[in-house]
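Some structures to go through are shown next.
There are two complexes below, and they share chain A, which is joined by chain B in the first and by chain C in the second.
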Partner chain A sequence: MQAGAGSAEKRRRRFAAAGIAPLMLWQFVFFVVPVILLLVISFWRTRNYRMVPDFTFANYIAVFTNGAMWRALLLSVQTAAFVTIACAVLAYPIAYFIAKKAGRLKGLLLIAVIAPFWISIVMRVAAWRLLLGENGVINQSLLSIGLIDQPLGFLLYSPVATSIGLVYAYLPLYVLPLYASIDAIEDNWIAAAKDLNAGPMRAFWEVTFPLSLPGLIVGAVFCFIFGLGEFVTPALLGGGKQLMMSQVIQDQFQRRLDWPAGAAISIVMLVIVFALLAVSMKWFRKASGEKL
Partner chain B sequence: MTNTKPPAVEIDAITKSYGETTAIRGVSMDVRDGEFVTILGPSGCGKSTLLRMISGFAEPTTGDVRIGGKSVVGLAPYKRDTAMVFQDYALFPHRTIAENIAFGLRMRKVERAEIARRVDEMLALINLSGYGGRRVSEISGGQAQRVALGRALVVRPSVLLLDEPLGALDMKLRKQMQAELKKIHRELGLTFVAVTHDQEEALTLSDRIAVMNAGSVEQFADPETLYRRPATRFVADFVGGANLIDAEVGPAGALLFRGLPLSGIGSDAVKDRAIGDKVSLVVRPECVATSALGGQAPGPAIEAMVTEVLFSGAVQQIVGRLADGSLFVAHEQGLKPPPERGSTVLFHWDGSLSWLVAR
Partner chain C sequence: MSARPRSPQERGGFALLSLYAVLIYLFLYLPIAVIVLFAFDAKPIPGLPLDTLTTGWFVEALRDQKLTGSLLTSLRLAVVSAILSTLLAMPAAMVLAWLPIRFKSLVMAMVLGPVVLPQLVLGLGLVILLRSAPDLVGEPAIILAHTTITSSYATLILYSRFLGFRRSYIEAAMNLGASELVVFREVILPLVRPALISVFMLAFTDAFGEFVVAWFVAGFTETLPITIWTSLRQVISPKVYALSSVIILVTLAISLVSQLWVIRQTRLTSKVQTS
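Let's look at the complex of A and B:
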């Protein structure tokens, strides 16, 4: 009996391992190996547009001493922070409505939230050019109703355009985890708070909000980390005058052909992202610890 | 002690409709101050809706609800001086036991030191001293039930509402909690209004029970009256289980069962009924005994074929089938051997222990 149970357990484990193996292999070949390569060449140097194996910290020193790099990092952080906050503010009422008020329309609304993912991000972001340009829908509408005399130039090819595009692109990423959190809050918990003399606002802050924190944190992590490393949207809408980190990296690799410098910036970004993930996982555990 | 206070809860001619369907049809009842009243009925009878109207989570379509003499119709739950023990307890999962109990006091802006004192007091009352720092996920179902009770009681509501308070507990725990709930009610002297579908629980706990069926209160009485003299066929059947003989009032004080007068029924049993009235004769199984056919029964008696004999020590349960196909049960003390299955015997009882209800 004992032996039989043991071998069944072993078989089950082997089966689980077999199931997870392709994923591990994929992660190894397309993530771990490239990151190791990046790490290695970040210590190399470039001579006459060629990489030369070496062990130098020059690339890292350059990252932290270059003013343009700091400006790019600042723009990336600012953009990611703005997008995260804007998405949180917009996503909360949407997620709350779908989870608590939509009734039978729930499924349909969730699909509507996900639907934009069915179209390539490049096409969706490019479409914003039609809306935001000087002859775009927004400027023309504002002109025709007489709110402005000149088209608003900052709407397109600027950090503002990047932020608008990113808020649009990431909103579903924020709505979904938030929806999951709010949907798990039982109506009776809110009713109990009201029954114990908490008004609707108080019941929200005492019950709904703290219990939705896990979703709020996961959504923020998605938005902030994706926003920090975003390339497509700033490339298409940002105009190229003020660069985000990802654009600087691309610049190093493709225009300057200085791969070691690009690799060093990438590694710095990666470390920042990992640090953020570690901190946010801690918050997440704390916020949802009671339920796990 | 003269009671000049208004009733703790007055339900005055309430109806509740959802579109076409009517959930509650003209219910009126008063709950006296300090009383333990249970609303008993099968699922879907409207009992929970009635409770929700007292707590403020539902509003009556017509009629009035008064708490302590003041109408509360239109008043939000958080403005009513009631507290509810929810069916699934609805404890806040992100708060500790002590924080759960303190919640209502915080919302009522009680002073901090006072909150701490009253929470400790409540934890002691519900036998959970030392559990204050635990998480909701770290306690058992029985303990969660007591926390829910404590969280509602600590605010000293004018009425405590309990929605199937013991429904989620297993049999043994339920018995234990019944005794505890009764003790707490006695000690605090608060008004309790509970809802349950468990007739035994209602009989054990309550001072008075309102039996509901299909949106109406069929009878509102103390447990003993309810058991000994149910007013309707539904109440007789729902509370405690009863033998029912569907009969018709005949001429000269006779009670006709399938056209023939039932033996041993005195004319005073049908004195308030008109000839032709359709009635049911009610008698509890423990009042019925069996004897061989042809013998002379001292009181009312009816013939039935024995379909089942269940022996369980002190009591033997004899199930018979009447001529109209309905079942008739006797719970006899096992002093003599039971009749054989398949034989036809006389089921008889003392005429003072049976009565008629309309059908």
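Let's look at the complex of A and C:
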């Protein structure tokens, strides 16, 4: 039992390696290798619906010169940005309410916000089709109370519908980090600001809001990243006229069978995602650093 | 600690916030209510105003072999993925939380990667990988894909839970001469059991509902999300809503119960710690 400190350390290290190895091996084979393969074939060419090994930048040049792809890229970024801002504005008061005002109902209210996130995305989108369609619940209700004479056509199969669906999908995801950072703010700090004659508004903007910035950043990053790559919602709610990047990728892969072209767009999307993560980690460190 | 507002101004603010909260919860639960509502509507093409109410679509859904078949496939595959990802995540999260390791940021990047990677991209990468193992297309591929995603989520959730545990319990048991196996069985397992069960259930619901990646690697296998996706391309039958509403309610119940249970358990253990 009483082995030397060196052998105990060795044992501990062996334990650590054994515990972590299965997951690392799994993620290497089914996450790292697929991404590398995607990167490799993005430099290949397609001839007669078959991939030909090559080293060409043609697929990447096409992403930035082809008008349709540009528009898809732009629409994706715009939609993701809009959804992120909408989610932030909608999520902040509710996260604040749960963290600071809900009292004993705190736990239950938080869980109730997050629960819809676990429902299959396909079912959530099906529900929005029932609500937004020409004969959907919203149009029928507005017609019957006489607010409109004709069903609003732009509600379904439009970027508006996609945005509504995405806000619905990612609002729970945004509340979670916001709640965590607002909940960590001690009531005493806010009370101290008020004792020093700050009004509720000033106390909020000078104490609560800056301290909740880390949560705001984490939520925004995840909301934007997920919104950028999301496929089901634009495919089922967006209609086929204005495509988002994910739809173009799927189209290249499944309909045109041009895998290298699809792979190149995927890699562009990945680069955006990882660049954003890197930048936001910097912000995040700065924002949480100011707390100390 | 007290959430009671003091001045009239603050009371007004509280009322406004409460009203806002009600609206947000309406927004979150309205689509769910609509699905459940149309599951009971007698009309074959759903729409307002509601016709007579019926439970017939639930019976129809159970008679539809395509629907029930894909439901059973989804259940089976999700159980396997949840078991696999819990088994992969548990030791990894314990090591990350309790033991010093080298290259920790690389390890965390490997764990976080599948979460931030757009699922569409992961699906395509797996399609290319599967070209070298075409026999796996179908059920095995769906399990592999879902386990990759859910094991990441599971590791992150377990890691954050394990960080809160007291390492002193484990060290005390070790100092008293218990072997690793005994420490694991008698000390660690009872401590982490609630977290494990809740993570298993979340991994199950996640794998059960995931669509995009499964769709790419499924071959001719149909999971329930794939069947619903296909039916969404045509006029959708209310029996799909009937089945969906049951599943939605079960999903909500699972996530509510498992989360509430975790909160209660954490309260119990923290009470033990302070006393």
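Everything below uses one rule, namely that the second predicted complex is superposed on the first by the 285 of 292 C-alpha atoms of A that agree within 3 Å, B and C clash if a C-alpha of one lies under 4 Å from a C-alpha of the other, contacts with A are read in each partner's own complex, and residues count from 1 in each chain.
The criterion applied here is as follows: contacts are C-beta pairs under 8 Å (C-beta built on N, C-alpha and C of every residue); 3 or more make two chains touch, one makes a residue touch a chain.
Everything quoted here is computed from the prediction, not taken from an experiment.
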Chain B versus chain C as contact partner of A:273, first or second or both or neither: second
Chain B versus chain C as contact partner of A:171, first or second or both or neither: second
Contacts of A:85 with chain B and chain C, given as first, second, both or neither: neither
Touching partner for A:210 - first (chain B), second (chain C), both, neither: first
Dominant toucher of chain A (residue count), chain B or chain C: C
Contacts of A:18 with chain B and chain C, given as first, second, both or neither: second
First, second, both or neither for A:58, with chain B first and chain C second: neither
Touched partner set for A:262, first chain B, second chain C, both or neither: second
Shared chain A surface residues [contacts with chain B and with chain C]: 200
Chain C partner contacts - residues on chain A that touch it in the complex: 1, 12, 15-16, 18-20, 22-24, 26-28, 30-35, 37-38, 41, 90, 93-94, 96-98, 100-103, 107-109, 111-116, 118-131, 135-137, 140-141, 144, 168, 171-172, 187, 200, 222, 225-226, 228-232, 236, 246, 249-250, 253, 259, 262-263, 266, 269-270, 273, 277
Parts of chain B lying in touch with chain A, wherever the complex brings them together: 55-57, 76-79, 82-84, 86, 88, 90-95, 103-104, 107-108, 135-137, 151-152, 155
Complex contact set, residues of chain A against chain B: 186, 188-189, 191-200, 202-203, 206-207, 210-211, 290-291
Contact footprint of chain A on chain C as seen in their complex: 1-3, 9-10, 13-14, 17-18, 20-21, 24-25, 27-32, 34-35, 38, 46-49, 87-89, 91-92, 94-96, 99-101, 107, 110-111, 113-114, 116-122, 124-129, 144-145, 147-148, 151-152, 155, 177, 180, 202, 205-206, 208-212, 224-225, 228-229, 232, 236, 240-241, 244, 247-248, 251-252, 254-256, 259-260, 263
